[in-house]
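When the chains are written out, they are named A, B, C and D in that same order, and each has its own residue count from 1.
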Amino acid sequence: KSEDSGTTSAAGAPSAGAQVVQSADPSAATCTLEQYGGTKVDLKTAKVGFSQSEKEANPFRIAETQSIKDEAAKLGITNLTTTNANSQFNKQISDVEQMIDSGVQLLVIAPLNSDGWDSVFAKASAKKVPIITIDRKINATPCKDYLTFIGSDFAEQGKRAADEMAKAMGNKGKVAILLGSPGNNVTTLRTSGFKDQIAKIAPDIQVVFEQTGNFSREEGQKVTEQLLQSNPDINGIYGENDEMALGAITALKSAGKKAGDVKVVSIDGTKGAVQAIVDGWATAVIESNPRFGPLAFETATKFFGGEPVGQDIIIQDRQYGTDNAKTDISAAY
Amino acid sequence: MSTETVAARPVVDAARLKAWLPKYGVYAAIVLLVVYNIFFTPYFATWSNLRIQLIQVAPIVIVALGMALVIGTEGIDLSVGSVMALAAAFIPLYLGYGVVAAILVALLAGVAVGLINGVLVAKVGLQPIVATLALFVGGRGLAVVISEGKLVDIRNPDFLYLGSGDLLGIPVLVWIAALMVLIVGFVMRRTVFGRRLLAVGGNRPAAELAGLPVKRVLITVYVVCAVLASIAGLLSVARIQSSDASSVGLLIELSAITAVVVGGTPLTGGKVRVLGTVAGALLMQLVIATMIKHNLQPSTTEMVQAVIILIAVYVARERKTR
Amino acid sequence: MTMTNVSGPETPAIVAEDVRKAERTDRVVGTIQRQGALAVLVVVVLIALATFPNFRSFDNAATILVAAAPPMLIALGMTFVIITGGIDLSVGSLYVLGGVLAAWASQYGILAAFLLPLAVCGAIGLVNGLLIAYTRMAPFIVTLAALLGARGLMRAISAEGSNTYLVQDDTFRKLGNGSFLNIGYQVWLVAGLVVIGMVVLARTRFGASVYSVGGSEDAASLMGVPVRRTKVWVYVLSGLLAGLAGAINAAKLGSGVTVLGTGMELDAIAAVVIGGTLLTGGAGTIAGTIAGVLLLGVIQNLINQVGNLNSNWQQVISGAFLALVVVAQTYLVRLRRVT
Amino acid sequence: MALLEVVDVSKIFPGVRALDSVSFTLQPGEVHALVGENGAGKSTLIKVLTGVYQPDGGELRYQDSPAQFGTPMDAQRAGISTIYQEVNLVPLMSVAQNLFLGREPRNKLGLIDRGRMEREAREVLAGYGVTTDVRRQLGTLALGAQQMVALARAVMIDAKVVIMDEPTSSLEPREVQTLFGVIRDLHVRGIGIIYVSHRLDELYEICDAVTILRDGRLVHTGKLAGLERIKLVSLMLGRDMAEVRREGATAFSGAATGHDEDPPVLRVRGLNSRHKLHDISFDVRPGEVVGLGGLLGAGRSETVKAIGGAYHLDSGQIEVDGKELKKPTPVRAVQAGVAVQPEDRKAEGIVPGLSVRENIALAILPRVSRGGFVSDAKIDAIVDMYMKRLRIKASSPDQAVGDLSGGNQQKVLLARLLATDPKVLLLDEPTRGIDVGAKAEVQSLIDGLAAEGLGVVLVSSDAEELVEGSDRVVVLRDGVVVGTLTGAEVTTEDLMSTIATEAPREH
């Protein structure tokens, strides 16, 4: 499968940065209204609930929530309720339960965690409320516990980061990983994807340092400062999100390194990180596209219209490198 | 004075150690850790490493100083992290009017939060932990609202100088922290305010009856603590070179309280150890640095921190004779 | 100032009558103050019922109760601790740890799923208690260390938190999601424990010891109260209840989630204080704590009812509401003092 | 056969040898007085006997066998029951709960039987003259009533030894008689009693034997009957008998120092506070000592506190030196020249964690500083002067006040007040819990201060002290001024009769 094969555009011509579904494998499992056992509703008048997991305080979450709200407005959905769990998992569970109680007919959830949704499924299945989970997958049965998942493949993102890193480092040297928050499955998958791929394609690259930066710029900077003291000969830094990588770049600058001395690869695709490529400090950024609104509602419309929808809708993530950073920066969020 | 009742002291070494440890235990622990690192951590004994450790500990020291004062009045301030966030939120908004204006606004935000805390504690009579809990919850929310959830890159070189510049070969950040330590130390030692603060913490009804302006002292203490926190907040912004209200100063209240208590200031008030607080912050910084440099996992780091806190506080605890 | 008492001092009989009246007012106001959280809760619920149609459903009430079950257990333990004049910051970590342990142990049956978290969290509570009682270290700092230590332990047994154990035992899972009379089993369980807690606190010697230790530790010890033993027990109790809260939550979620939010301990403290328990110890009731926990739960629910509120505004409002409730509480206490 | 015995017991605190090889024997049925100056080691000895402290040397024998009490609980179980110097009950708990704490009556289910507990508490307390709602918080009771609850509690236990550390210091005369009744009863039942008091009359009234401590050492032990009063005092003070003989019962000169024609330095008019104070008015002239008489709960403390700005007033007028003190607060009161010595020095007086120096200088910080910076030299000069003048016993000015004996704490407190150069001094029980030596010092100090032109208000439950010390006595009852004794009327008899018989004036 090539970079640009089988792109089924989401809604007509993709606007800058719109999500694109990866591949429409005809044999992939699908789900229909009949299979799921729900009732047909008109989205325009339906009660729709969106549960956000983390505060809208970083570019990814802001873009994600905004995209859902914008698309709902565009489609004329007036009855949209949004909640935010402020990173409290139990709060997200009761937020969703409360929305089910209040009679929502479609749920879009950005889950904080992949496990722990038993009570929600019990409640939702009793009322046959279709659930679309976005950006993080829930470990349960699609088309039964929930309708479908739309999002990126985090392990794949890690893998692609490894490819870029290997390329930039010339397949040898020492690399450090700035881990995301511990216990988060984004962290887990982006780590395993990266490490497995490095081991496979560039066994001469050693992962010498793995410390958490909790997805925050400040901690990314602090950890990198320590790293540069204890491993002054480091060649590459893999940031599991852009924020930590930007923190790392600040640390590199104040340690007197020059742009390009240490290769920096990260995941997310925020404007700041893409700009860092332009400036020469970062090597590559793998995108994780947060604009779920159009795709989510398109899927819902198809579902309520009786059409089959995929059980696992993996979107195609862009990638920024020295070649395209300048031109594509407008697509970054 | 009853000099004759003073027992002829049999100079037992164990007893001397017992008296010595609570006072100087933290310093001893720092020395031990440094010695360990010199032998077992590569590149530890370098100037640039010392520099990084001092830079990283500076904001915590500044916040911990304010916390120590609040704890000296038998209070506690959970809102310091939110104050840092508020300061961070205001910086980019006012940097257009110049560095001084931005700093002033950030400090004013601190004054405002401190006044609210102080009034809630001194006038309304709330218990400090609850009074400051409200702003702990709401303050950061407000900061993120003000910054519209956006992380803003800071490019003003004058402002960034505060976070990454050097003066006489020593980071400006470290100079500022040292200055704060000196000021707070001086205030506690030599000023009317310092002594009143200790009296209020030692026995508030007595201080009231003795005619001390107890409420004013309390409000001032919370304002000072919040202003110190906002200084730490703006320095953090200058250091990270960006303002992110949602993450700056997260959980710093616990680090600050730990530094204060590990440094030998009792939570029961009436006593403030300024240098001990600095040492407490430094000790915790060294522990974390050691863990990171040896690439240990978060679980190990956390458990080791727990044990070190317990040992440090055990050694430094107030010995009651009964 | 002017003299208002033109008729001069009252006769002794009137004075005595006056004093009796004052004492009666004192008691009435005292009761209101002790039930202040309940009063605020009632007012808030009434306003909510009138304003939000969705708030009115039985399901919504049941959801609030189920969501409040684990915090209630934690606040119950915290009430005992705070009445002795202590504080327990470790409960949030113990809660997460308890959930992970319960989910892991559920492969050996429902009994194991309860016993393991109780044993481990109880043991950590025991260590807290022993350190606090026998070394005179401040509860705040000991339990702060335990917060770190327990979280480290949780991460150590879950591959740095990346390993989520799924609940294996169906009976255990059922306990989390089944209901009796349409109210979740956990709510009944917690209600039972809360009633036991009330009886223990109000009607047993242990309860009297708890109050006396918080009221005046020196006096209690001179009066022969086993001060240290009492302290050890309240921290064990708090640890056990936090572990149990973690276990029933794991049963509900169907897995040992490792990323449960931090700050649970502060919520519990806030609930207890809103419930009228003094952080300085010596006074407080479980009835107040119940009202405090429910109040926080209802506020959360209401903020969601408003809908579409930016998450950051939600926090601002929560903070403001918290301040308002506590100020109202304190004002009631003040009212009492002036009379 | 001795009931309780200590042999060569020592106890060392940092810098102080509080007990130095002290031996002491208590016989069954004996009322044994334990006396000595402040800081002599009485409380420490008691705490060693009851397991609060572990001795650093020596042996403890109970009922003829070696004993060791690890905690007060152990001692209590063994039958040694104690009333400590500072009332040691739990103020936030109810009276009944305090009385029964640890041995509450229980029902069949093992739960506390509240009804029975309250009923029994009412009955027991009635025997001690305390009639109050036993569900009330103990802390809302007057100190005297609290002391009676502590006494009732101590005696209720099946005790073989009852130890009382200054039980009468906060009791009124009627309550003291009730206490003595209880002691006599215990004596008859063969229970041994250790009785600590600074009031010599009491000792001679009820004690059989006496042990005298001085600076942690035993100086005398034996029968009390044969021991002359003067001899006892001289042993306590370690001074010559003749020297002691020259001084009277109190150190007050008795000479009136006030002048009627002088304008009052303190003018109090119509103080009212709901349920507590009713139209209280009186004047204090410079150089005059005005006593406030009355029983416990009469409102004396409230009056004093109200003038000091620390008690809520509904109406009333206070003038200091001709200037009205508007909306009194402690800050304004101190500025106006009013100094209040509170009744409860532990809770409202000293700051225990701070040094003697800091405590004395506390209220005058602005005066010994410039631009907010304190001058240690100025403080040292003042502290030094007052430590000498009041003969404060401390290992150094840097010693924490919490580690001093009660009497010395009181002196530190007085030093703080005097350092503010007050115009009016309000003293609430200034000699409570102070030994004879220190008491005399404080009393002559009060005299001296009055002579220097200060107006003094003196509250004391010691009728003799009040009468000898005051030029005039204002008698309160239930928050109402029921009479004023002047000139020749200032006698104990007149005071008692005013308190007892005269009905409140009616307008």
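What we mean here is this: a contact is a pair of C-beta atoms (placed from the backbone, for glycine too) under 8 Å apart; a residue touches a chain by one contact, two chains touch by 3 or more.
On a predicted model such as this, the values are computed, not experimentally measured, just so you know.
Peer 1: In the touch network of chains, how many steps separate chain A from chain B on the shortest route?
Peer 2: Minimum number of steps from chain A to chain B: 1.
Peer 1: Return the chain pair with more inter-chain C-beta contacts, choosing between B-C and B-D.
Peer 2: Most contacts of the two pairs: B-C.
Peer 1: Could you work out how far the Cα centre of chain B sits from that of chain C, in whole Å?
Peer 2: 29
Peer 1: Chain B to chain D: how many Å between their CA centres?
Peer 2: 42
Peer 1: Could you give the separation in Å between the centres of chain A and chain D, each centre being the mean of its C-alpha atoms?
Peer 2: The separation of the two C-alpha centroids amounts to 73 Å.
Peer 1: Approximately how many whole Å separate the CA-defined centres of chain A and chain C?
Peer 2: 37
Peer 1: Spell out, as numbers or ranges, the residues of chain A touching 2 or more other chains.
Peer 2: Counting only residues that touch two or more other chains, chain A contributes 55-57, 182.
Peer 1: Where in chain B do residues touch two or more of the other chains?
Peer 2: 144, 149, 298
Peer 1: So which stretches of chain D touch two or more other chains?
Peer 2: Within chain D, the residues that touch at least two other chains are 52.
Peer 1: Would you mind giving me the full set of chain pairs in touch?
Peer 2: Going through each pair of chains, those in contact are A-B, A-C, B-C, B-D, C-D.
Peer 1: Can you list the chain B residues touching chain D in their complex?
Peer 2: Against chain D, chain B makes touches at 1-7, 19, 190-193, 195-196, 198-199, 202-203, 205-213, 270-271, 321-322.
Peer 1: Show me the residue ranges of chain A that touch chain C in the complex, using the header's touch definition.
Peer 2: 52, 55-57, 80-84, 86-91, 93-95, 97-99, 101-103, 112-119, 122, 139, 181-185, 187-188
Peer 1: Can you list the residues on chain B that touch chain A in the complex?
Peer 2: For chain B paired with chain A, touching residues are 41-44, 46, 48-49, 52, 55-56, 144, 149-151, 153, 164, 236, 239-242, 244-248, 250, 289, 292-293, 295, 298.
Peer 1: Going by the contact rule set out above, which residues of chain C touch chain B in the complex?
Peer 2: 131, 135-138, 140-142, 144-149, 151-156, 160, 266, 269-270, 273, 278-280, 310-320, 322-323, 326-327, 330-331, 333-334
Peer 1: Within their complex, state which residues of chain D touch chain C.
Peer 2: Where chain D meets chain C, its residues are 52, 71-73, 76-77, 82, 84, 88-93, 97-98, 101-102, 104, 106, 110-112, 114, 133, 153, 269-270, 272, 274-275, 278-279, 312-317, 326-327, 478-480, 503-504, 506-507.
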